[in-house]
Amino acid sequence: MSLKPLGDKVVIKVKDEEVKTVGGIVLPGSAQEKPQQGTVIAVGSGEIVDGKKVPLDVKVDDQVIYSKYSGSEIKIDGEEYLIIRQADILAIVE
Amino acid sequence: MSLKPLGDKVVIKVKDEEVKTVGGIVLPGSAQEKPQQGTVIAVGSGEIVDGKKVPLDVKVDDQVIYSKYSGSEIKIDGEEYLIIRQADILAIVE
Amino acid sequence: MSLKPLGDKVVIKVKDEEVKTVGGIVLPGSAQEKPQQGTVIAVGSGEIVDGKKVPLDVKVDDQVIYSKYSGSEIKIDGEEYLIIRQADILAIVE
Amino acid sequence: MSLKPLGDKVVIKVKDEEVKTVGGIVLPGSAQEKPQQGTVIAVGSGEIVDGKKVPLDVKVDDQVIYSKYSGSEIKIDGEEYLIIRQADILAIVE
Amino acid sequence: MSLKPLGDKVVIKVKDEEVKTVGGIVLPGSAQEKPQQGTVIAVGSGEIVDGKKVPLDVKVDDQVIYSKYSGSEIKIDGEEYLIIRQADILAIVE
Amino acid sequence: MSLKPLGDKVVIKVKDEEVKTVGGIVLPGSAQEKPQQGTVIAVGSGEIVDGKKVPLDVKVDDQVIYSKYSGSEIKIDGEEYLIIRQADILAIVE
Amino acid sequence: MSLKPLGDKVVIKVKDEEVKTVGGIVLPGSAQEKPQQGTVIAVGSGEIVDGKKVPLDVKVDDQVIYSKYSGSEIKIDGEEYLIIRQADILAIVE
């Protein structure tokens, strides 16, 4: 199953890394502060600006940083994704 | 009886699946968290953008994921539907 | 007396049906949840979009479904009407 | 003294009718619920839409129905008026 | 010293009349409800609408009625003025 | 060090006058109500309106009156300035 | 690793200076009020205004002053950055 986001929306697989504390204890991601980085999985067909469709600036496999708490979290086949408007993506990590 | 949504609106039949718990007990949909997936039943004639009518991106029978709590729930002939603006549809499931 | 709505506004006669419970008791409309269906009585001359007047999509005698709590309720000659912007009409029932 | 409303504004003389209760007692207008009907006294020169001035749809002497609580109430020479944007007028009574 | 308001702004000298009660006691303006009438002292160069500068509709010496609580009160050389956007002026008194 | 404001922004040196009470006591500016007057120190390159850059109406050395509490206060080399959008400047004092 | 901000966004390295009190005690930056100055590290490709992409006014290495509390703070490789829309940058320090 795949997702085709609409318009200016982007599907992101949130980066969910385990983190070791100084003493070596592994903290699952949920004990950390909300992650803000992820990988673009799918992009919409573009945004309509003044009557013309403008393609999005991000593409599949881009590592992106996005605003905290933006977008909608969804769960498909047990995997969690974030669907977000491109305007809530802050930067691409290169 | 059928529904013809106006403008950029879309009628969705919400996916209302029974869910079995580990012990095999069937929980009706209402005991679950709000579903966010459904099937497009009817689409409006399009959205007016800068004076031109732009047809919608979704079509009848599309499986779609939409934002939680968006749209208006209605009941016609005992069936429940959601009427939603296309902008509140996040992605098409393929 | 008749009403001529302005611009993108529409006058609706709210459908106010009596409902029989299983035991045959008639509940007046006011004991039910807020109705969301009605008949279009009069339509405005259209909406101005980007400097051009666009005629409305609904017409007199259309059965329509509208958003809960939208519009202004008025009483003329003892009859109750709803005056609503076309954007708050969700769909036409056919 | 007369009033010349600006732009898309309209001056309305609110209809303030006495109402008799069943027993014949006359209730002054202020004991009733807020009136929503009135007569247009003066209209502005029009609304600027996309750079062009569009004349208003209402004219002097029109009986109009307007949204509850909209507009600004003013008192001139002991008379009360309502100055309201045309967009808050719902319909003309004919 | 004089004031040159910017853009769509207008300087108003608020009408501050003494009022006699029935018994002849003079109440200073501050004991009354907020005045809503004044005289235009200076007008801005106009409002930019769709890229063109549109001159204002009010002119110096116009008696105007404005929305309660709109604008900024300022004091220059001991005199109080109100600087207000033209959109907050309701009507010209003629 | 100098400041070059961006776009429609303007740097203002707030007028911070000492005030003598009737008894001759000098009150520093901070004991007074918030000043609303100042001198323009630097202006941005202009505001983009409908795709064209429109130069600002104020210029360096203008005495201006601005809305209370608007803008951002900053301190550079021990001096306090206000950076404000031109739209929050009410009038030029001449 | 580097960051490529999208659209009208700008990456800023916040100026985090140690401050000595009169007695010579060094206060780390966190004991001070929120800094508002920083250095531009990366700029987006521009802002779309009326269908045309307009390049940003700030460039890499510019010292800028920005509005308090605007933007999103992020941490990359242990370094803290601020990603901010250009509209929240008040001025360039020269």
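Note that the chains are named A, B, C, D, E, F and G in the order they appear, and that numbering of residues resets to 1 at the start of each chain.
Please note the rule applied: contacts are C-beta pairs under 8 Å (C-beta built on N, C-alpha and C of every residue); 3 or more make two chains touch, one makes a residue touch a chain.
Keep in mind that what you see is a predicted model, and the values were worked out from it rather than measured.
Shared contact partners of chain D and chain F, listed by label: E. The distance from the centre of chain B to the centre of chain G, each centre being the mean of the chain's C-alpha atoms, comes to 42 Å. Rounded to whole angstrom units, the spacing between the C-alpha centres of chain C and chain F is 52. In chain A, the positions touching at least two other chains are 50-51.
Taken in ring order from chain A, whose neighbour in the chosen direction is chain B, the chains follow as A, B, C, D, E, F, G. Within the complex formed with chain F, the residues of chain G that make contact are 36, 49-52, 54, 57-58, 65, 67-68, 86-87, 89-94. Residue ranges of chain G in contact with chain A, taken from their complex: 1-7, 9, 11, 42, 45, 48, 50-51, 72, 74, 76, 83.
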